[in-house]
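To keep things simple, chains are lettered A, B and C as they appear, and every chain counts its residues starting from 1.
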């Protein structure tokens, strides 16, 4: 396997080589599975101490330089944003396998669908009438794209994702719920990632929308008429009810849920498993169910914890 | 595009035209995306005030008639159940695209399966031995129907749903969990909707059952031997453990969970994200984890919120 | 239908026949759906009392023997582990239908993949480059196995499961999140079950690992670099964030979530819907969000419940 010198890596990724600029690394490995010739990300102090073998080189932030030096690592590559440097280094050391550009013979693509250049459509994927797919977009196996769905450029849709199927809208009637036919669509902007088995419902009327650069993990539910801004991050199993709005750069932890018509402001952080029932202002952090400002929730939980430990006198007893 | 006069709409949907009976509407649009000739549902006061352009006509409940008149909307169609009227109006203005009745050539249907009239089976769907599918039922792409599964008439199964696969049943043994082979089935009554990527496990023995007119959203788990009554509504990501019973017309909010063997009574409302650990009587409303009567949960949360805000004296300090 | 005598069943399953050793049972049925000639599991007292017809025979634990005798059941088969006996009895009375060993013609298997003996690969399944599948393993329809994924012997992967797709890893950058290419893999040991539509992400670097005999239910998310030990049980809709570690024989209830880098010890029990934010020592039981020792959580909830009922004086009022 050919490798790359630390110096060449730093030229591509930024940062600086503190030691061993000419050392050639051939792999990137985690600290608990070191191999000869490997570069390891060193993002936390304790991880290194637990490891049994020293790697040839580490990639670390400036504040861990001393740790790396003390441990006697031969090569030390320091970067102010080591996670970003790692993403770049991986692309250097592991040139992407040939991507099977093109539409798999088992995919079912409606003749009216418009497919951009260098698009991949995986086995069994179903693309309905009037769908548009931008250039360099990757549609995994078994994906469903409903009628009229529009995807931008460089979008990635994981296996089994369902984009643009009918939403959960029913009108009450004396004979039981009557299904509301959904005549809206879904629009997904450039550079969006959609995880495996995630569902994005099409709008009742109008558009369900995901803004540029947003990333959705696996098994997420995005209800009809929801709107997600740019560069938002939604972790696995998040659920957005109908007509929610999520602002630019908001971050939602795993299994968090948002009630219908609620607005999550820009740069808001929603803790994992929270249930957001009211709109949240820009830049806030919320946690809990119902979701409160993080500080308030922490104080309430600290109180409850003392009750549970029996440390607090319970007035009745 | 041909359109429909408000008067003709009212003849089909019920309700009355308050103003502009001869106006012809050509589209139904949300208030934030008005086009010339469109009818907009006006279900809340504030929505109209936020909009920038006036629609040709609105569909509103009686208590918003004054708002619509004051805003100078040319056409006003008043209906006591505007959501139901909307469902009907959509079917008038958007005649359903030709549904591809028939079994897609890539579907894999066991020769012993019985398929009713006018059934659609989408690409890649797998229908196992002895399954029965009633007339006018719609089976989406990539759906799995296990052996012996029975679906009624007018059922809709969303893409990627898995109905009738083995449930999660294991017997403890000294060598680890031993899988309990599931020899039961699933029965789904008429007019049921099953969302995308939702899973309904077959019974260990006996039948997992979903009653007529019930509607299940996406990414729901229905455990083995669960029973859901008629006209129940389950929002996305709900989880029912094994042997739960959900009564007629019960409503479960998104991400709610129900523990095994628990019974949810008729017309019960379970708030989103609740965790129900004990049976709930008919007509009750519950919330929280563990789920309590809604009022009790609200009082407890109001107390905790004051603690969290520091408004309450904490007795120890 | 041919049947089996109680005596022969006991010879195969262990336990003893208390009454009616020569009786021949032809079916196993639940108590609410008795047929002539059936054996019913009797695991709880009340279930029998609610039933309207008596079965030919019951399978019960020793402490329910008196109940069965008093009810006048003709055949009584007593076993100290009736659930295990039931699992075995099902295999005797319901010899498995011919399993379609072999690779379905619509599956898409990369030529470099290594497939063991007696493996089943269902319709539409996609097996990527360099995957290894051990003998007697069952890959359901529409399953995705990513590049380099390794599955042991007797593994069962439910329909729609996605194993070894890219995880949710992004590095922050001024232009928004940059995707971290995942060059790790997934290794799944012998006798593991993976439920329908469950997702197991491949590691960023290194390996996402599931140990022998562990059982995962439907709609579960296992993040990149997570490690699950041996014989663990994860109920439906559980979410494990990246780099979590779950010990041998741990049990996680439905919809539980575990934060990244948290370690769940051996034999730990995590209550359904809990959110585990800190590591949990071996043999502990935790509940709630944030998850606490079960006893502490119960005390805190009992306190809150009294507040909610208005039984406790609220100091401010």
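Here is the rule we use: contacts are C-beta pairs under 8 Å (C-beta built on N, C-alpha and C of every residue); 3 or more make two chains touch, one makes a residue touch a chain.
This structure is a prediction, so every number in the text was calculated from the model and none was measured.
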* **Shortest contact path, subunit A to subunit C, counted in steps** => 1
* Over half shared or under half: which fits the residue numbers at the contact of copies subunit B and subunit C, same or different? -> different
* Angle of the C-alpha superposing rotation, subunit A to subunit B, to the nearest 5 degrees -> 120
* Between subunit B and subunit C, centroid-to-centroid distance (C-alpha), Å -> 27
* Asked: What are the residues of subunit C that contact at least two other chains?
  -> 106, 124, 142, 160, 197, 219, 237, 255, 289, 304, 315
* Contact footprint of subunit A on subunit C as seen in their complex -> 106, 108, 124, 126, 129, 142, 144, 147, 160, 162, 165-166, 168-173, 175-181, 183, 197, 199, 201, 203, 205-207, 219, 221, 223, 225, 237, 239, 241, 255, 257, 259, 275, 289-290, 292, 295-300, 303-304, 306, 311-313, 315
* Going by the contact rule at the top, pick out the subunit B residues touching subunit A in the complex. => 28-30, 32-33, 41, 81, 83-88, 90-91, 94, 96-97, 104, 106, 122-124, 140-142, 156, 158-160, 191, 193, 195-197, 212-213, 215, 217-219, 230-231, 233, 235-237, 254-255, 272-273, 288-289, 301, 304-305, 307-310, 314-316
